[in-house]
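The following pair of complexes shares a single chain, subunit A, combined with subunit B in the former and subunit C in the latter.
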Partner chain A sequence: MKFYLRRIAFYIITVWAAVSLNFVLPRMMPGDPAAIMIGKLRRASGGRQLSEEVIRSIYALLGADKNMSLWDQYLAYWGRLLQGDLGLSSTRYPYPVVELIANALPWTLFMVGTATVISFVLGIVGGAWVGWKRGTWLDQLVPATSLLQSIPYFWLALVLVAVFAVQLGWLPIVGAYDPFDFPSGPEWSWEFVASALQHAFLPALTIVISSVGGWLLGMRNMMVSTMSEDYVLTAEAKGLKPSRIRDRYAARNASIPSLAGFSIALAFVVAGSIVTEQVFSYPGIGKLMIQSVQGLDYTLMQGVFLVITLTVLAANFLMDLLYGLIDPRVRNDL
Partner chain B sequence: MTSDHSPGAKADRFAGVRYLMPTWSAKLGVGLVLVVLIVAFGLVGPVFAVDPRDSSYKGLQPPSSEHLLGTTKLGYDVFAQLATGTRESLYVGLVGGLVAMFLAIVFGIIAGYFGGWLDDILMLATNIMLVIPGLPLVMVIAAYVQNTEGLGDFARSATLVAMILGVTGWAGSAVVLRAQARSLRTREYVYASRVAGEKGLRIIFVEILPNLVPLIAAQLIFGVMAAVLGEAGLSYLGLGPTNSITLGTMLNDAQTGQAVGSHAWWWFVPPGVMIALLGTGLALVNFAIDEIVNPKLRLAPKAARQQRKAMKAGKGVAGGGAYA
Partner chain C sequence: MNRTLKAAAAAAAIALTLAGCTSPSKSPTATGSPAGTSTAIKESTLRVWAGSTTPITIDFNPFHVDTALYGTYGQLYEPLFFFNQLSSDPPVPMLGESYTYSADGKTITLKLKSGVKWNDGQPFTADDVVFTMGYGPNKTDKLISAKATDDTTVVLTYKTAQFTNESQLLGATMMVPKHIWSKIDNYMKETNKEPVSTGAYVVKTTSDASYTLSANPNYRAPVPITNVQFLGIDSNQSGQDLLTTGQIDWTGMFIANPDEVTASGAIGTMNQQQDPTTIVTCSDASKGCKGDQTDVAVRQAINVAIDRSQLAEKAWVNLVGKANPAFVLLPRDAQWLSDQSLAESPQTADAAKAGQILETAGYTKDAKGFYGKNGKAISLDLFSPDGWTDYNDAAKLIAEQAGKAGIKITPRTVSEAEYWTPVTNGDFQLAMYGLTQSIVADPFSNYDQYFNGLSTAKVGDGPTRGQNYSRYSNATVDAAIEAAGATNDQATKKAAYAKIQAQIAVDLPYIPVVLNASQAFFNVKNFTGWPSDDNLYADPLPYLSVAPAIVLLNLRPAQ
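The block that comes next holds the complex of A and B.
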């Protein structure tokens, strides 16, 4: 129980730190992001006067209200967040940031989530197998995975687009579905799902190819280390079937650090998927982030950053709970 | 592996040093050759190439004897840009890697050695940095910093980009260094120097750091790779240094210039290949270092290979087991 309490406490502190970082960053800057933002919003609305409520929300989110102490600003900021108010976007005026994120998040979760799971499973199963066959020609393949890892995601995406979409014309280049077949937006039909899958294929393939090497290598190295443990030798001496030794004795224990290292790997996947979405103009959260940064849309930028961070934290939290379930030692040791 | 320690031989003065050096292998050889060639290309290439900022050539020319790698849409020589871009990317990688390594040493080794509440606080900070996704954070910081007035040219320089990447990318290395420092802390020779009255910082620098050299080197290489890749990503998104040419800004130009749509492979393929080769070279060197830090990685495959050979030669080893 203590393990879970400690983990929950850690994630509460981390969420607090991430939100506070979001609060501090715009206020640390010498300029006045809130004033810049209000100017941008006014231009986006065609010079009309902004409502009092909008201006107050922008000041609460981005700061520099001279009449308030920093502490009051901090409380007002939390108040806005807890009401689900992340301000208005200037690049996509007059949409509220929350609505833009709510429209983009499912696409990213669908595409990046599926790709991450596929890559993780492939890496663990493949790594276990390559580690099992250590000392054979398969060892020569291991350095090749480092080549895969060193390829920048977005460059691999460019090459895949050049080959499969431009040269061969097999797959679509941009978007998440065909806007000509479905002019009224997403709908629940087989045709739409087929179109969405077709559009998600290349971006997902990019993420799988670039991230599978890391899982594979980590798992292989752990497998090699585990195979020289005494309990594996004991199992061997007992005359157990090799497949049982491989699956129940070695692979199961070797996969534990991969689960523990999930958070580090997930950060790479998130980074990679942001640039990948840019290449494919995939309407996900990464595309939104890039759009906001390029248009200096501070409210959208802060909002997307917060949502990305919280999503990653949630994924890590789930992984931690799973880790505690699989490995009883971490529950008892801590 | 030719290590003949004949009992009568005099104690080898360099045995300790040699233990810390990687054993020679094909992986290490290929890795070093790649890294050395790319570094040499970055250092020497720009001297021989034409001016990378000269746009007087005809646009979108495929490779020819005049332009080894063709020209871009705006008429820049791709080969010249590649040479300068390699140099600048290596610079960003080195500065970012060093900053990250320094912070990892401060956070990891101090936390690991001193333990207690200092460890708790430093590790909490490290773990928070670890789970906050890096690239979005870098993007937000870069967006603010680069639009800060009063920084002038520095606001969008390669040095600043490298520093942002370093400051956000040290947490993984700190965790690795802390684990090792914690285990070294309980060794007899560290106790001995503590009993002898040495101060904490002196023990760290004299007793602990030297034993962490292979690990720190691996983390530095990892940091350099991460910074090169991070810079490429940032530049591709238009947040890179504006007044210098890097491999990332080349790719950004290629993207905005529709290089893929106009089949100009000579424009967008070389910078990516260069990044991939550099990363591969550094990773291969890291493998060799990994095998020093974790000897099982080196010895276990060798043992398995020997056993299989013996089995083939019919020396009476049971076949079909876990070790075959």
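The block that comes next holds the complex of A and C.
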């Protein structure tokens, strides 16, 4: 019990630090959002003088209150945060940041999440198999997948689009679903799910191709070293079936380090895959992040970073708890 | 990155640029009403990528000049008249019928079309125009009174002559219904998802990936294209792919090899060269500018040292037009060019002449071959936003070319965010910079926006009106701009422009480079009636204001 309490206390402090950092960072950056927004409006209106009224209303909505002390601002920030208010985006003004993130998150979880899981499963199963059959032609799979991983991702994605989407026309070029068939947006129907799957296929494929090599290599090497362990020899001596030794003895133990890596990978799913989402116009978190940075949209940036930080922490927390459960040594040593 | 974004920002600016023009008391009839077709209109959908990126956030508020969706200006909300930036023809009536200026330019009498209805069925009347002219950002202390003398007549009275505000007031002020907007207390916070407007289209469906406008059944003329779907796409490459595979019908973006797209014959293209690309210099030391470019001789030397034909070929694959130091758009504004020698900036490099200019000004060549004064070589910094590849390439070439003439320029790229702040505040030496061409056949707004001393500010501050980031301030120019703005007399105006042109072509606060290319691509197989070089009834760039609405009304689905 003491272990869990300690972990929980540790995470509470970490969350507090992360959220506070998120408060401080935009305030250290040059320029305030209201001034940036007014500058943009000024250019967009072709140099026409902005009326006092416009300037006042923008300051009221986006500007930091100059009469408030930093401490009061900090308290107000926590107050808003606990109510789920992350402010208004300036690039997509006057849309609330929470709404933008809530719309983008499911797509990222769906596409990048599925791709990460597929890549992991393929890598682990393939790695176990290649490791089991070490010394055969299957070993060639390791350099082959590593080669795929080393291809610049951007280039790989563009080539796949050019071949499968543009020339052969098998798969859609952009988006998360077909805007021509579903002009009013997502709906709950089989046709829509089919369209979403079809649209996720190519971006997910590029993620799998470029990440499976790492899992495969790690798993294969762990498999080889596990198989020289004494307990595997014992199992063989007992006359167990080779498939049982492979699955229950070697692969199970060899996959533990990969599992730890997987939890981190899953946490980073939330950050999206910036390049994938950009190339395929996929409406996820990664794209929000890149847009917010390009447009100096501090509130959106803050919101996206907060969500990413909190998910990474949550994933780590869960993994910590699970580790404690799986491995009693962790609980006692700490 | 996305070149269309840049163009789109400029487009909004174009639509709202101040400009001057002659005022016709009678105007030609509206384009776009099909001649006596009484048969029912077939359902058709035209798909556009005007430059929206995903996720699309629904916003049809005409006062959100920066974030309103494409289609808000023209297709939904209409101005009184359409000013075609490609021609010097008089403006085309939209909600207005005709207008007259008083001799002193301070009173405008507007005649409106009768029988026009808002798409909620309420009649559009002179009261709505009066309301719009005094509402929100349209409010100005220059307006003394706006009066509806009857249901279709409005008289606007101003403190100063409004000749040069013609296209702004009549062509870029979108009419909004009084019965809706008078009840909205904060128009900046409004996203106006169900716009009540007069245009040919109404909003049909919206999502985060696209939005569709459909024909307004109450519109005063038949609407031949019944649905227009606007898509959100995030990269030019994707836009080009969707265009070549026939999934989008209309777009405006830079494509370096347009022949590849048009080869199949299904896609037509048009390339307009209008907006000057320049090297903006922080030119006035008395305003706080620092660096060698504050010496006019250095600017003049750079002007002759650069090889514009090489720049056009290498940075812009010869799609761009030739710039001129008078900042008039030729041949459209030919009548305003005072001196034929200013019709074109030098197209080839002349290092000898550059050297001569510098030597006359007291510069000498050092051992390394660079010019300098008092033992200090000229050293200039030239920056452009990272990812605007044409600007980046041009900057590199300019530095090379200037180097050959003994002028040291160091090119550098910065993020887009880091680009605007120094340009606005005057904290720079040289920057690649695009000017927005005047929307009407009169260069007034070019001079007023970019060269007027009133349009600038001291280094450290941003200008409150205009976009004179060069900090240029010249009493002769300022006086001539004021004189030109106060008159409607061609000869007086031309004399004023002659003074301006003579000054700015010598002072070169903006060193003209090329005229930027704006390419439009459209599906000629499924739709007919697109603008062509012989029939430039509207600019076919889908991201502009108003012009796309005129184009849509002129299109027909192919049989």
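General remarks:
We adopt the following convention: the second predicted complex is superposed on the first by the 241 of 334 C-alpha atoms of A that agree within 3 Å, B and C clash if a C-alpha of one lies under 4 Å from a C-alpha of the other, contacts with A are read in each partner's own complex, and residues count from 1 in each chain.
Just so it is clear, contacts are C-beta pairs under 8 Å (C-beta built on N, C-alpha and C of every residue); 3 or more make two chains touch, one makes a residue touch a chain.
Given the structure is predicted, the values throughout are model-derived calculations rather than measurements.
Of the two partner chains placed around the shared chain by superposition, neither subunit B nor subunit C is touched by A:T114. Of the two partner chains placed by the overlay, only subunit C lies in contact with A:G39; subunit B stays clear of it.
In the superposed model, A:Q278 lies in contact with both subunit B and subunit C.
By the touch criterion defined above, A:M301 lies against subunit B but remains apart from subunit C after alignment on the C-alpha atoms of chain A. Once chain A of one complex is fitted onto chain A of the other, the partner contacts of A:V54 are limited to subunit C, with no touch recorded for subunit B. Judged by the touch definition given at the top, the superposed model places A:Q198 against neither subunit B nor subunit C. In the superposition on chain A, contact is made by A:V166 with both subunit B and subunit C. After overlaying the two complexes on the shared chain, residue contacts for A:T14 are found with subunit B alone; subunit C is out of touch.
In the superposition on chain A, subunit A positions 30-31, 158, 161-162, 166, 278-279, 294, 296 are in contact with subunit B in one complex as well as with subunit C in the other.
Those residues of subunit C that touch subunit A in the shared complex are 1, 9, 12-18, 47, 53-55, 57, 59, 64-67, 136-137, 139-140, 168, 186, 188-191, 204-212, 229, 231-235, 237-238, 241-242, 244-245, 247, 415-417, 420-421, 424, 436, 449, 455, 462-467.
For subunit A in complex with subunit B, the touching residues are 10, 13-14, 17-18, 21, 25-26, 28-31, 33, 134-136, 139, 142-143, 146-147, 149-156, 158-159, 161-162, 166-167, 221, 224-225, 227-228, 232, 235-236, 242, 245-246, 250, 263-264, 266-267, 270-271, 274-275, 278-279, 289-290, 293-294, 296, 301-302, 304-305, 308-309, 312-313, 316. Across the complex, subunit A is touched by residues 27, 30, 124, 127-128, 130-137, 139-145, 147-150, 172, 225, 229-230, 232-233, 236-239, 251, 254-255, 260-261, 263, 265, 268-269, 271-272, 275-280, 282-284, 287, 290, 294, 296-297, 299-305, 308, 320-323 of subunit B. The part of subunit A that touches subunit C in the complex is made up of residues 30-31, 39-51, 53-54, 57-58, 61, 91-95, 100, 103-104, 158, 161-162, 165-166, 169, 173-177, 179-180, 182-186, 278-281, 283, 287-288, 291, 294-296.
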